[in-house]
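Below are two complexes that have chain A in common, paired first with chain B and then with chain C.
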Partner chain A sequence: MPKITYRSPDGTDTVVDVASPCTVMRGAKLHNIDGIEAQCGGSAQCGTCHVYVDDANTLPLPPMHEVEDDVLYGTASPRRETSRLSCQLPVTDAMDGLLVHLPEAQS
Partner chain B sequence: MTPRPSPSGADSETAPPTFPYQRGCPFSMPAEYPEMIEKDVSQVTLTGSGLRIWTVTGYHTIRQLLTDPRVSASRKHDNFPFYFIAPPEFRTETSFIGYDGEQHTKTRRKAALTFTSRQVKKLRPRIEEIVDEHIDRMLATAPPVDLHHAFSLPVPMTVICELLGIPHDKHDFFIKHGTALLGGHSSAEERQAAIVEVNAYVDDLIQLKKREPGEDLLSRAMADYEASGEEYTDRDLFNMVRLLMNGGHETTASQISLGTACLLENPDQLEQLKADPELVKPAVEELIRIATIGDTAVPRVALEDIEIGGQVIRKGDGILCLGLAANRDPEVFPEPEKVILSRGTRKHLGFGHGVHHCIGADLARLELEIVWSKLFQRIPTLRLAKPFAEIPRKEGAVIYGLWELPVTW
Partner chain C sequence: MAAPSVVVVGAGQGGTETAAALRSRGFSGRITLIGAEDALPYQRPPLSKGYLTGSTPADELPLRPRSFFEAQDVELITGTPVTAIDPGDRRITLAGDGGRRVRLRYDHLVLATGARPRVLPVPGASLSGVHTLRDLRDAVALRAELRPGAHLLVVGGGFVGLELASTARLLGLEVTVVESGARVMGRSVSAALAEHLADRHRAHGTRVMTRRELVALHGDDTGRVRVAELDGAERVRADVVVMGVGVLPRTELAADADLPVGDGVLVNATLRTADPAVHAIGDCARFPSPYAGRPLRLESVQNASDQARCVAAAICGTPEPYTAVPWFWTEQCGLRVQLAGITAGHDRTVVSGDVASGRFSVFCFTGERLVGTESVNRPADHMITRRLLAERTASALPGPAEVCRPGFDLKEYQRVRSAG
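Now for the complex of A and B:
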């Protein structure tokens, strides 16, 4: 089962096993990880499941669709090169070891 | 009517109560809900279809269920919670509201870029004009006026027509037919004729956009399909247009009328809103929560056995997620029956939850914000023209609402 690490802004890591089919967002919600709101619940609409993928990431992630791109312009914490909506990242075995950083604010 | 197979986990000896229930007060839960909330997950029989299905009422339970990949929104399942005996096309001609997984994602994305928060913000000046024009028209007539017909129905219809790229000279056609379908003053024959005419026009519209594409949603959806190389037919486009038109019209119209009535019935809250225009954004959220017009409009089917809320929902069983009950969860919304505009948050489930969360939520929010800012600013003496208790309600309708809202000033 792929392990995903969620790093909070204070540097605390929470590592969870995320069973497929599941997204990085739902993995956080199922494990009650603070810092992912996901108000809309995964429709790429609210922008409150924003994460920064680790700068050093080499694991394969799905390409960003233009809807996600558009929503990322409205996130509460500033968008960076590594910004993604975690609801748009379905977890696969190839993503084992993924590290995502949680932003300061989601709304 | 022959009842469909009961949920496998059901106690087949005792038929569960028939559903939906009546609200009585439009801003309260039906009297039967508190007992259902106690159980969280319980069973009912749908009056019109005879289907025995599960209802889920807990705020957290619903959020969990609506993000569970073992739950389907497809109308194809035998026990999909239809309120009536559904004709076969109701199971197939749905567009993305009735799709799962990749098919859902791909289809929804053809429309989604029009409805992101960033794109919707650009519509503000035009929606302000549309709202002003309709207020002007009301003010030009002698009160009393039926606000539901003069304002709540035509405003969102005009907005969605513009987004879909329907030419201006056809807007009156859609407003007239939309009112015939939803206004409550027409016969079954008139409603059927309206459906036939609207459908014929949508077919024409698709051909028009093929010949002369514009900057509208429909033209963009076609271009996206072409660019993606996915197979698609005119039926796919037709179903998407009809879905967006239904979703963008009746819901917003109902919310405008119910929210306006709620403000007029809570004068202390209305005074706060008039005194502080900044209050309108939380007010929109609180009024959506209080009304939860789509309470009975979130149907699903279990694809596997799901243990939840102390019950096992069996594979193939139908489920209704009752947002009105969830939006009365006192742990999430203390004193839930009270209207407190200042506490409004986006936590409510008034737009559903999960991948099928209302695609037009941000558009609806903007329309409602502009409506309630302008309506009371421009008509500060607006009031009901008859006692609220006498105004007829759409009891048992999938989208709850009022049939009329007589107002004066």
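Now for the complex of A and C:
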């Protein structure tokens, strides 16, 4: 099962096994990780599941669709090059070892 | 002194988020979350959308996994309505096993009881096949009856009714929507958006009738609904009927405890009722909104969730006025419709984008001031409006003249602003 690491703003890492089919957002919810709100439940409507993919990431991630790109215009914490909506990142075996950073605020 | 104890009545969106927000703020006292429904607290939005089509499986409905409540030391009591509040004694009464009454003490009480669907008191309203849609139980019952080829009558052209109409078309039903007002979605959206949506539903194969009243429902000899009678004696086939005519806030507990109510439990800017130990949030609360300049009640996931966080802060000793920007989404006929701000009462609209292709935003103004945006398949307009409104100064917002300018683009507006 792929392991995903969620790093909170204070630097604490939580490493969890996320069984697919599941998104990085749902992985956080199922493991009670604070810092992802996901108000819309994963339909790319709310922008409260924002994460920063680690700068050094080389693992393959799905390309960003236009809707995700648009939603990222209004995140509560600043958008960066590495910003993604975690509900738009379905976990695959190839993503084993992914590190995402949780932003300071989601709403 | 022992840490204070919190009782939350209503284990829905707001109640569950209150418990979660208290713990993430480090609140160490006892938290009891009490819900009348049996299910693990769940999300309602999919009930009119993906849950009915199967694209959202039932195991994705819970707001949190069961392990959350154990790990966070939140005592979750389901299937148990709270029957009374005694503010003098700071106790609530709940219906215990075998009719036993259990009383529970609180230092802080949060009312997050939501709302119940209105039912039109027409003859035949209690026939089998006549539904409302609020709880998971309602959705389970309705789902079993949404068979391809059946005729569905949706009474009321509000958000839930229109979402349901769209979902039922996907499932292959024949759908009629009857709305008594002049247009769908009442006064909660602009005429431009309402007309666009009604057109889309018609193109989707739904019969949308406005300014029409349901007069009666008629059943067969098994007591099952078959025909709806509208004003003017028109009869419409109806194998399944859903009443989507709005909700009534659940205020009985507060009213019985002599807390002020009036289309909602009345709260102040920090969401406190007349009793300092009692707060109310979500669909059941009427609060003063800085975006409306008057008290109002909102029915949205955003409002219930953000109010939960606001109340958690107050209980932790740092009360702050509730100022989160209101927003809402709905999915109909494949359109992504997002509303930011409070647009009721706007007196001017400017449409930006391409209406024909279903990608546009309606910018709503009161005088010169932008009060909100309704976006159809334009998520950036929606998201940026939320950010701009959050600044709560007129200077952050584009005026009508600016939005009217050919080629206006909110992304560009925002880029120039943040650069300047």
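A few notes on this one:
Note that in this section the second predicted complex is superposed on the first by the 107 of 107 C-alpha atoms of A that agree within 3 Å, B and C clash if a C-alpha of one lies under 4 Å from a C-alpha of the other, contacts with A are read in each partner's own complex, and residues count from 1 in each chain.
Quick note on the criterion: a residue touches a chain if its C-beta (ideal position, glycine included) is under 8 Å from a C-beta of that chain, and two chains touch if they have at least 3 such contacts.
Here the structure is a predicted model, which means the values were calculated and not measured.
In the model built by aligning both structures on chain A, chain B clashes with chain C. Using the contact criterion defined above for the overlaid structures, shared-chain residue A:Y73 touches chain B and also reaches chain C. In the superposition on chain A, contact of A:P63 is made with neither chain B nor chain C.
Touch criterion met: A:P21 reaches chain B, while chain C stays clear of it. Using the contact criterion defined above for the overlaid structures, shared-chain residue A:G11 touches neither chain B nor chain C, since it reaches no partner. Touch criterion met: A:Q39 reaches chain B and chain C at once. Clashing C-alpha atoms with chain C appear in a single stretch of chain B, chosen from 150-158, 204-212 or 222-230: 150-158. Common to the chain B-facing and chain C-facing surfaces of chain A are residues 26, 29, 39-47, 67, 70-71, 73-74, 107.
Within the complex, the chain B residues that touch chain A are 63, 66-67, 69, 108-109, 112-113, 115-119, 346-347, 351-357, 359, 361-362.
Residues 26, 29-30, 32, 34, 37, 39-47, 67, 70-75, 107 of chain A are the ones that touch chain C when the two sit in their complex. Those residues of chain A that touch chain B in the shared complex are 21-22, 26, 29, 39-47, 65-67, 70-71, 73-74, 107. Within the complex formed with chain A, the residues of chain C that make contact are 24, 43, 45-46, 56, 60, 64-65, 67-68, 71-72, 301-302, 305-306, 324, 329, 331, 336, 338, 378-380, 382-387, 411, 414.
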